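In this document, chain identifiers A, B, C and D correspond to the written order of the chains, with residue numbering beginning at 1 in each.
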């Protein structure tokens, strides 16, 4: 059965190769090849899952050694896959949601002439992501890690002719590279510490080394996670990444790739457990990001960017949970999975809305759409209820556990973290209700629109072709798009309950991540009640602001916080001023110095030699008599020298 | 003791007197060679020095060389020099004005330094003992030379012969101008001149329009400028044209001056003579236009 | 005596050079095919060398030795170790692509010029460079090495100075001035390096009494040849200076951007991917083996210079406006990695550096040749003159992106393996330097992606709207390189297996052992 | 009188000749000065011949004369042809040997 693992990756990889190398001949069937291979991978995943279930709880780790990759003295990197419960969970999430989104894209990208390539990139992403979660050592994980970065780069910049998309793609890759630097340093540290970087030996010998080293490794891994999972301070790329086609946002920037950081931390759980300082840093990053993302999400009028802020915030929850140690690992993953369902569903819903609204993304130009696109409304609504943690739906189970675990941290830290998580829940309810109300309720602000809004550039390129000035005619999306949304909505509704009842998910994952029951200072019911109160408060506030009053079509100036939040809390401006501008000045100075100083010394030497020979050349005036004088003088000197030698 | 023997190892008073007198002559001749303006004078001075040296050779027992010096050097080579000097132009006096900056001072400095060093060097060397040539010249100077020349130095001798031949051929190659085509007849030349049309009429005769009847004086054109065409090419190249174009005007001016002085009256202001406005080129152009 | 395989490998391109040069003026195309044929035959011989080479066998294999200049003990001594085999293979692999990529670079400007001979010259010079480079990889006699090390400057000089981009933004006259400036700069820089090396070579002879690398290294190892510390250091510096110019190491790098900018793309590849490798190769073979003590003495300074090269080259690449100069500065950054790997004195570092030489050759060739195809279409080297090429020439843009991704060491492509090995190798001994060098990977992403974004994406500029996509010949150049990049990225083991034993021996020459990990976890 | 005086004289003449070569511009005069130098050498050779009591010095002087003759022949031919083309016998006019 181990031999099937490689097949998981091989199927989408084959798809990517065929679609990208195949050329125009495959334009007609390319999308179906891509979807089929993604689905094939999912089927293989199901077979493996069934196989794992058939084994004993402690015997559910399969490894497949393919070949020796980089063998240099003590440095032995192998291409080995490891399938355990944690990877299995991810495999199913990735291939499952991935297949659905492939299917959705068939409809969504129907009019794009480069659809074949889009599916090639999607398949490439699946392969890289599967490699990431199936790798048996950190270096191979690194390959997948950068591979998904590449796929993300290609997909964000899929509409390359738009400078904004190209810039966003570049930014995403660069910011991710900073995180990757952390991962590579972590691997180097592991190598110097343990002499290897395979999961087994590294995590098994954590106890043999000093806590300082482990903290260093942990912090570097955290840096990597921050990059990939858009956590503060490397979160700035995620908002811009929404330039990509919506299915990409759903799959990569909501459901799977951005959660890789959480995977990394949970996978390295043993290491973090032994390095409490690193763990604390993880929780702090998670808590800060969950608030940061939530605040940003409240201020955005662009539906995708609002959802991106939400993604950031939800991943903040997961990171927070992962930072709590064995108390939180399982819940982090559980939230990751449920989030995969409902966030992907929300994004697909948003895509459906945009599809209907001539690719308008500004929610202030939506309104009252529930009548026109019922399926989208229902699925989106279920996703909404799931994310805010409506009792009984997925988000309720997973998020509640995280908040409990945060309180269970104990001491002041516990109160602060738990408080932040609670506050986050309230803000989540607020901004999600805001999105819901602005999109599906209220008056139909898209009617009789005189001019297109200059504020937000439209995302989809087809907008100009289809004529943006025309009044949109909202309509339900085709079946190929609604079916994935329905499936995901079902997952959002029942996933949490299915996992939580009888602690199914806990028992499934525990052998890998370990688990430890948290004991919050207050009872679990109190926490749940507090969460629900926050939820009601947040949703009520949103209703008060956006439900009862008409939404202005042009955004009001807003408070200082709102304005800052619209600009991603000024983090981008900071980056721009310090890194971009500073970097520009630095390179310009260096270019100048290279020319004037380094090259100048060389050219100066050459010039001085040239000048000297120019002077000397004047002696060569062409007059034979002049040369004769030098000869004669030379002879005189020779005579003098001879005489002197004799005298001495 | 023969004179031969005497010359070999010691110097008689006669030789001393001869040396001091002739050495002075030689040095003067050498200085003359260097510093006299005209090449002919230089050549004559050099010939004098060479003859003096010939005498010294004889006094030093090199009888063969002494004679060769007179016959070959002074007689042949110096005559060659004179010949070339004549060919190039006897009267062309060399300006002694230095054109290269610092050349003269450097040359004199180097010469002085070198001379002092050389003299000092000789003075330093212990050259008191003279073996004399009595023994070497015993069988006769010429015989002695010959026996050396055809034994020890025979190879050098042969090579020198080759060198001389090469030099002769070289001189021929350098100076000889191969005439590769038949010389053009006068008729052909005339036709060519007409065809080119640059200057058809015969060249003006020198001094024809002037009051000076001499070959080295350029004829004056109607505007008073000299026509260099009227002077022989050779003279022109040597720069030996006498320019008298201003003379008439000067004479006129002098005459008027005298008239003013004598008659104490104001001369009629002569019209300002504008040379610039009426150059030879213009004249030529007018000439062509009239054709 | 067995067949002199090494001599044959080097002689074949030399013969090819002569044969190509002798082709009559009117038969230009025949000359091109002849050159291609000879380069492919050389590749076949190089593959034979690689196959015949036994990684587990003696250090130097396929050796040949003949007396040459008896009075000075100069011998014609050839032999290859694993490092040399890898680099000979690289050279032999790249030359056919360079020939193919430069197929039209030396054509006459006006068609029908029957007396145009530079075409023959261009290909003959390329083959001549190949012969000399291969010989300098093979030579185990210091003097013999020196001769070819220097002699390859001559054909390179003519290749840089004589052949430039066809169309130039600033007009042909400026281009020609710039070109001769670049060629002279290249020549002078390398000559100065070579001169200093010559002094060191003579010094070595004075000290050691012969030129044989193996004998001297042996004598150094068993202590029978003692060098005073000062002498050894001076000799080391003499050798190292020449190699650092060739490599090039900051601050001796300024000739490279000029040379690569002005030369045609295939020649630029020849410079950076093939010729410059002799410098880094020689550091490994000569500096470390002959002067182990001095190498260790100089390590801190060299590592810092290499680190500066990495960051400096990358930062300058970001600031370039000219595509080819950008690639040149990127190469400087990569050479920094190679030198850092060599002087990290660990197996990972040196194996990584050797692999890096191979991989950098292939990746730069891919990137530069595609850039050359791009430039030949538009007639400008300025990045600002391009935009939106992706839309009109997707294959060109795609291959360019892959070349760029290889340059930024994306995992899965060959350069990643070597870059990571170098970083790990450095990190195990000098953690601080390793960490700072890691910034290089961020900067590499920056300059590559900025280049790609500005040239390939965005709205289509009117000047590039009619740009044709890659032709069959061009695809035939790029596709195999990309396949190689992917193959060596996924399965570098064959090359690593050849290189590793040689690296171990080099390490034992300098009496260095890999640092042990803190925890012997794997054992 | 000591015959060494001949050497002094030779040195003096040589120096004068050399200075002449440097100072004069007329190629013919320059040549004459060279002849003067050669003659000065010859005088020294003859004096040395007497000093050492053998005839080798005279042989050398003899060869010098032959070489001088050859040199004069070629040299004058050069001067003549130079004069033909440049209409000048000044050595400074033949100053094309510079950049």
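FYI, a residue touches a chain if its C-beta (ideal position, glycine included) is under 8 Å from a C-beta of that chain, and two chains touch if they have at least 3 such contacts.
Given the structure is predicted, the values throughout are model-derived calculations rather than measurements.
Participant: Chain by chain, through touching neighbours only, how many steps does the shortest route from chain B to chain D take?
Facilitator: Each step joins two touching chains, and the minimum needed here is 1.
Participant: Just curious, how far off is chain C from chain B if you go by their C-alpha centres, in Å?
Facilitator: Each chain reduced to its C-alpha mean, chain B and chain C end up 68 Å apart.
Participant: Just give me the whole-number Å value for how far the CA centre of chain A lies from that of chain D.
Facilitator: 95
Participant: Determine the centre-to-centre distance between chain A and chain C, using the mean Cα coordinates as centres, and give it in whole Å.
Facilitator: That pair's centroid distance is 37 Å.
Participant: List the centre-to-centre spacing of chain C and chain D in whole Å, with centres computed as mean CA coordinates.
Facilitator: 62
Participant: Chain A: which residues touch two or more other chains?
Facilitator: Residues 621, 623, 625, 629, 632 of chain A touch two or more partner chains.
Participant: Which chain C residues touch at least two other chains?
Facilitator: There are none in chain C.
Participant: What residues in chain D touch two or more of the other chains?
Facilitator: 18, 22-23, 25, 92, in rising order.
Participant: What is the complete set of touching chain pairs?
Facilitator: A-B, A-C, A-D, B-D
Participant: Mind pulling up the chain D residues that touch chain A in the complex?
Facilitator: Against chain A, the touching part of chain D is residues 18, 21-23, 25, 30, 91-92, 94-99.
Participant: For chain B, which residues are in contact with chain A within the complex?
Facilitator: The touching residues are 100, 103, 106-107, 110-111, 113-114, 117-118, 120-121, 124.
Participant: Report the residues of chain A in contact with chain B in the complex, numbered from low to high.
Facilitator: 621, 623, 625-626, 629, 632-633, 635-636, 639-640, 642-643, 646-647
Participant: Would you mind writing out the residues of chain B in touch with chain D in their complex?
Facilitator: Going through chain B, the ones touching chain D are 7-8, 11, 15-16, 19, 23, 26-27, 30-31, 33-34, 39, 42-43, 46, 49-50, 53, 56-57, 60-62, 64-65, 68-69, 72-73, 76-77, 80-81, 84-85, 87-88, 92, 94-96, 98-100, 103-104, 106-108, 110-112, 114-115, 118-119, 122, 127-137, 141, 144-145, 148-149, 153, 156, 160, 163-164, 166-168, 170-172, 174-175, 237.
Participant: Show which residues of chain A lie in contact with chain D when the two form their complex.
Facilitator: 617, 620-625, 628-629, 632
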